[in-house]
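In what follows, chain A forms one complex with chain B and a second complex with chain C.
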Partner chain A sequence: MYSLDIDRALKAKKISVGDRVGVTKDGFTVEGMLLPRIELSDTSSLVIKQDNGYNVGIRYGKGVEIEFLGKGKAVSHRHAVVEAQHDSKKPLVSIMGAGGTIASRVEYDTGAVFPEFSPGDLLKSFPQLKGIANVKGRELFRLFSEDMTPEHWKIIAKESAREIESGADGVVLMHGTDTMNYTAAALSFMLQSLPAPVVVVGAQRSSDRGSSDNLMNLVCATNAAAHSDVAEVSVCMHATSNDDYCYLHQGNKVRKMHTSRRDAFRSINTLPYAKLWFSDAKVEYLRSDYSKRSGRKIRLDDKMNPDVGLIQIHPGIKPELIEASKKFFDGVVLSGTGLGHVPTNPSNEKFAQSVVPAVRSLVDSGVPVVMAPQTIYGRLDLNVYSAGRLLKQAGVIGDGADWLPETALVKLMWVLGHTKDMDKVREMMSTNFAGELSKDIEPSSFLV
Partner chain B sequence: MYSLDIDRALKAKKISVGDRVGVTKDGFTVEGMLLPRIELSDTSSLVIKQDNGYNVGIRYGKGVEIEFLGKGKAVSHRHAVVEAQHDSKKPLVSIMGAGGTIASRVEYDTGAVFPEFSPGDLLKSFPQLKGIANVKGRELFRLFSEDMTPEHWKIIAKESAREIESGADGVVLMHGTDTMNYTAAALSFMLQSLPAPVVVVGAQRSSDRGSSDNLMNLVCATNAAAHSDVAEVSVCMHATSNDDYCYLHQGNKVRKMHTSRRDAFRSINTLPYAKLWFSDAKVEYLRSDYSKRSGRKIRLDDKMNPDVGLIQIHPGIKPELIEASKKFFDGVVLSGTGLGHVPTNPSNEKFAQSVVPAVRSLVDSGVPVVMAPQTIYGRLDLNVYSAGRLLKQAGVIGDGADWLPETALVKLMWVLGHTKDMDKVREMMSTNFAGELSKDIEPSSFLV
Partner chain C sequence: MSADKEDLGLKAGIEVHNQLNTREKLFCGCSTQMRGEVPVGTVVRKQHPVASELGEYDVAAQYEVMRDRVFVYEAFRGETCQVEMDEEPPHMLNQEALETGIAVSLMLNCKIPDEVHVMRKAVIDGSNTTSFQRTMVVGMGGHMEYNGRRIPIDQVSLEEDASSIVGEEGGIVRYRLSRLGVPLIEIATGLLEGFSPKDVEDIAFEIGMVVRSTGKAKKNMGAIRQDLNVSVRGGARNELKGIQELGMLSVAMENEINRQISLISLADELKRRGLKKIHDDPVCVSDFLSGTENKILRSTLDSGGNIFSVVLPKFDGLLKRPLFEGKTLGREMADVAVAFGLKGLFHTDEDLSKYGLVEDFENLRRHLKVGKEDAIIVLGEGKTKGRVAKEIIERARILLKGPQEGTRSVSPDGSSRYNRPLPGSKRMYPETDIQPVPISEDLIEKIRQNLPELIPKKAARFKSQYKMSDSLVNEIMRSPHADIFEESIRRSGADASVVANTFVSVAKDLQRREGVDIGPVPDDLFFDMFGAVSKGMLAKEAIPEVLKYAAKHPEKSAAEIMGDLKLEMMTEKEIEEVVSKTMSEAESNPGKLVGIVMSKVRGKADPQLVIKTVKRLSEKR
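== the complex of A and B ==
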């Protein structure tokens, strides 16, 4: 995962990670093994493991020469599957890496490459896992979560299904926290008829900090994957600012509600499925309305149309921007005000602009428009005020839904992967495929 | 506030609200006084007050004839200022109406027009106000809050300043809840050196419902305007789902967090200034870091550039949309993921698109780009990850800010009303004009 410049230079000299190299800069040459760049924050420095055991980073740029000195053993950081030793009394959990803070541990003091995805190294780094399950490790990619795309979601869905089909009793996905809820929502639609838990987990603080949450979150997530009865896509993250327990959230009804707190993730319009204690393997259920483990066959349904936009309504919004969005998107989610509103300018004031004609124009062009609440919490109602009724007349989808804007976005991508027919889109959006549409909102779930 | 069709028909016949008219539909004619349409949800029906005292609504459309029968006394629903009788022991509160659920009370059983803005009718509808203050009433406009624009904010700011300069001890603004926090944030920038409270208040449930919150919210807001020492722009709304007390929130650090709950409004990254009890006039302060009442002179600074957009970053976001936004906007706020991130595609994958070049293109064209957190809570940090550093290099403004996306939007409109110079924009955005930038975030303010 080096920068493009470095990648090009390495390719030109047929140098691979693991090879012995010499790097010359400003007259000094450093010799050693070329390490992969696993610190995501700076990909423009070469990292060399010297013979004395120390690693050195050399910023790449003009005047830096790389020389091939000898072949290393082949290293691939993708799909490096290693089976765990089997203890027949324990369930098998497949831990997959997608990137993010939880997976960005820098192990400069060992020669091992991406050590944390072999079972031995997972157990060395997280010895608590030993008591919970047999583990196996694979890395799918190593991305910041803001760089995840619907294409990555498809890979994750496919690999999760493969793990479960080949015998895993649960899957844990290490993922960056920024877009974790978009990914979890996507998996909830793509993994239909799920027979076992798929638990998405991340960390808000990296492993080199005393307050890192990576160990506790991973332990709780692995416990949920191994022992909980929640055969759903979920997100497992710190529940409080202490190291006491995690919440297991419904994957399409959870949101990162703080930039940095460890307890940033919150269930929206529902309670978490369960509490997972750090100190104790017991699963404390908070709900009972989830699919239980079973022998049913997983159905992978990973068709997605990534060309869907999410636009927030606000004072000063330009109808022209919404009109223009149909050039870029096959579907649009509006994050409306209140119960699901946009400016309508009923009094025809000169400085106010109605957004309704732009919405109608999109729908008439075959671009579905879906409403979601910018309040985050609560349920849409397009019948109370005239703005809502005008939007319904214009063909807006979503009346009565209590979905998050992010979940509405992901669901519309998934639905548009299946059909372009407006009536069918409307019907599928209104169908509760993965618990994304609640019949009742539990009042005690507000801001908990 | 009738529909445009009705307005046209009335103008053609020189009929004004208050005139005696005959309306014929399907062979039946109704005679009486033409009432103004004060129910906002249906503006396409004529409302006639008959001589028997009953009102009737007649849906306007093809085949409906309106006939002028006699002149009524002139009625204006704008700027209908009526002074309250003076009780020298009580402070004077000016209650202004901007619209919304709180002001949309339908009084079909009286002939009075817009009764709730004369002091007598305010006191009749809300007798509890009598014990709190002398009140005077004015209606500025009667708009759904989703139709409020920066031009309306300027009128509200000017009229608030005028009320305070002419002796009001506090101002209460009745406003729809959908965009109340945008308006309150705008007032916080436009009303500099405020010597007295300006309290924005609304209702989540209309007055015809038993659970209406309009009385308690108005009583608490009037109490805050009359008796609190908080000489700031604030929002006063139900704090709990009981009718016990309201919170007085900082106007630029508050957000509607639920589509329908009465306790939907929540302080973000700070505590409310105070609790206001329904049953008791005491103000219970929760903070002390606000401007106190004083004799200083208010400074109205209402320059605003309304051409600013707010764009949420999400997986699948198109750089082209951000690029295109500069055609519509003079400034753009990005609601980024996590600590303030956008896709950067460091690994150059074919299906991932970096947003950074589009951001750079906007900044290079003189369109400032400001970051805000889509997590709602927390503080931006553009130094932790490479995405943040790339954005800083591209010229993004907002590192370290803990502002809401809505507040960042409004502030950028206000700043661009003063200057187009990028350095000056950057300097003003980084200046704490109205408490919008917190030095420290009170940890106990998360999700309270």
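== the complex of A and C ==
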């Protein structure tokens, strides 16, 4: 959107975005295609793409002349012509898109990005897929990771179940990376008795560049969906900064641990299921404690209560915040310090404030409070220090759990979708439904 | 070739690239020193083509992919961060580089855009970890004067330099990341018509001097690179890339002119011979040549590869035709193979007895039913699986049409070799990680008020002020250190001749004799070193030694270097001791004595003082 002044000038000359124009200022003319103005930036400069490909901005004002030089050709997204050929010897993988830029195509003139999900598009951009499986592609929605909600998780779960029921040997879900682990955790609870792999995959580098990690991640994810025997919900992303292999992470025990690196996703408190090699498609298993592929029937259990909050405990936290949270939430996860602690102020220090009474008040009014470790790695233990014991006494759930705060949040939503009864909630939260609770933590899993 | 260039319909265009000596890189805080010592780590990557909006891959991009390569990038502490590793978005645009770019644009009478838009230019040879180069226009529509003629300057752009290549072996290309992201200024002329190769070379020099006048140009070897576009009438635009030594620009241009002329006459010759089309594709002849004793073909077969033959109808004798001095058509074809990582090829227009292939080729000729008027090329391929043979036949088919557009890499001797097709125009798109940068009138005005004096203007003053010869002034102007010549004299009080000698002779000697590039030596070190000379703390004879050391340790101060090298000047008393000792050992002839003493104290004592001391002590005796 351009400024009103520019808009008026363009309308007067019947010039629209995409047309070829000449903009003259101080006797010098810049020729090229008029581009749309990028959102949120200065709207008083015209953006011209010159014939050599470079964009420049010319501030509009007195003495600036815009001249119409020709009608622009409409920019349309043409679908690729690659035919998807069925190979009866290869497994069928259903690739679904929920958002992110892993499979999209840049329109070079404007920088706009189109998604591509037809099998032809996928095979054109990722020709290696052909050698792995018969693929079918479908876009569920086009969302930024951060705009994903529990309602979207339900749709994804339903569609994944339908794909598997209708014969897919594996499902790949392309997803924005920021909240990928929430979605994967949700699917791990909603898709019970999973007979085939459901692999969530994304890209940390945008798909317009030849260096994007999208190709390797998608190829490895498709390989895992088609050929691995890990019938679990998993996340497949670069294992290192190199383009050599991906890790197949357990979907509810994985976390984005870096804002931008390719290898941002790390398994927490467990090892990845497998290494997936890019060049030779080898699957190297690192664990054996997972559900194997089988002919069992998938059970969709997508009842969710989205009214659950996650609160990070920090020095100086106000008990009123926790107290007030019951107004918004049917359940609360506290991301506690250390082994699962909150301020308790045992010595009545004048600056400190205990939040234990607030926690107790929540539990007493029927709002379950679940603890999770803000250290990310490690297991909770509410028996070692008095803070932990006080919380346990107040009714906090989660002693001994090694779940991630995000997994605890999603699980509580799922549990509260099934029951409101505090005892039942407590029982379900302590039940290991999808490998989210491990009995022992493999020592070598730290910082892998 | 010395024909009148105007008759040839000669068209040229130059792009001059100069690295900038900014404190930080263009899009991150890493140093631009490019010391690249011991790598602290490597990262291994692959790149793949990206579909454009037409659903087609860029030709050039696809071409590189055919080569199926793996890229290894070396990282260096302080010179590489996650931005160069393509693991983090770019930081803010470097203001120092931007202002230098604007200054250069103003000096070349360019218009400055009101808003600078950073673009991504697709580059898929692996030299950029992102697979694109960030680049932006900072000046447009300028001009300069050359011999009374107006030279159009189409564009000044600011861009990030690529990684430097270490080597390529077996499809693995190794790059050094220290250079990636160093700011580069690129100045592109408009169309130059009617200029001789020498003129074009001089114009490139004048343009380079504008950048050097800012004092922000890097001085190291390789800091300046020139690309040259050339075509003759009936020929086609070819981009000659990476001409480092300015003096080679005219040579490269002559060669390209000759190449295009040769290709035009080659096409005519093929027509004359009645060739209309090359029908047959390459064939695999591994089985037929399974008994070959040629070492190269043997090892191809033994390692599971195949041998391919390419028949070029009516080409007999043409493969040994020179395209330009030192390059035959056969050699040009072999360059194609080399570009794909093969060692080369064999053909019927060369002495096959050298390779033990006479019999093999005769048999092959019979086997393939190829006439005497035809030429045969044979090559062994492994991973490329016949793609190179196909490319070679395509290149031969194109010969019928005369010169075609392309890019060529230039070797240090000015010859050029086949590179790859020119990238398509669709390869530029916006860098969405960086917001457009508004350029205010105030900033432009501030820069305009502080524009540096051009080096040629300064040079005119050197002549009168320091009473220097024209040739010396000219040499200073051509030295990368021309921008600090005056400042060195002013700040150090050193003799102009000492400074001039250092920047001209010493720099050249160190380069030529010892391979030492004094480019990385910081300006301050020169000021301090000349200061020490003028204060009598350092002998001017020690300058080469100081610079040699400083080039290796650009982080050290002059005082530290003089300390490390034990170059503090000897006191009169210390000299006296050496003289007495020498006298007592043997020599008493004062003339010879000075020589012997000097050889012992060179670089540590003022020669005048040595002569005086010898004289005094001899007289005493």
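Observations, loosely collected:
What we mean here is this: the second predicted complex is superposed on the first by the 351 of 448 C-alpha atoms of A that agree within 3 Å, B and C clash if a C-alpha of one lies under 4 Å from a C-alpha of the other, contacts with A are read in each partner's own complex, and residues count from 1 in each chain.
We take it that contacts are C-beta pairs under 8 Å (C-beta built on N, C-alpha and C of every residue); 3 or more make two chains touch, one makes a residue touch a chain.
From a predicted model like this one, the values you see are computed outputs, not experimental measurements.
By the touch criterion defined above, A:P373 lies against chain B but remains apart from chain C after alignment on the C-alpha atoms of chain A. Contacts of A:T24 after superposition: neither chain B nor chain C is touched.
After overlaying the two complexes on the shared chain, residue contacts for A:G210 are found with chain C alone; chain B is out of touch.
By the touch criterion defined above, A:T149 reaches chain B but does not reach chain C.
In the superposition on chain A, contact of A:S347 is made with chain B only, not with chain C.
Applying the stated contact rule after C-alpha superposition, one finds that A:R261 touches each of chain B and chain C. Legend: residue contacts after superposition of the two complexes on their common chain; A:D307 is shown touching chain B, with no touch to chain C.
By the touch criterion stated above, A:S45 is placed in contact with chain C alone, chain B being left untouched.
Shared-chain residue A:T419: touches no atom of chain B or chain C.
Of the residues of chain A, those at positions 41-42, 241, 259-261 touch chain B in one of the two structures and chain C in the other.
For chain B in complex with chain A, the touching residues are 1, 3-4, 40-43, 141, 143-151, 153, 176-179, 182-183, 241, 255-261, 263-264, 266, 306-318, 320-321, 324-325, 327-329, 335-349, 351-352, 373, 375-381, 384-387, 389, 405-406, 409, 413, 443, 446-448. Those residues of chain A that touch chain C in the complex are listed here as 25-26, 28, 30, 38, 41-42, 45, 47, 50-59, 75, 77-81, 105-111, 114, 124-125, 205-212, 215-216, 241-244, 259-262, 278.
Those residues of chain C lying in contact with chain A across their complex are 43-55, 61, 82, 85-89, 111, 113-117, 119-122, 124, 128-132, 135-137, 140-141, 155, 157, 425-430, 432, 435-436, 438.
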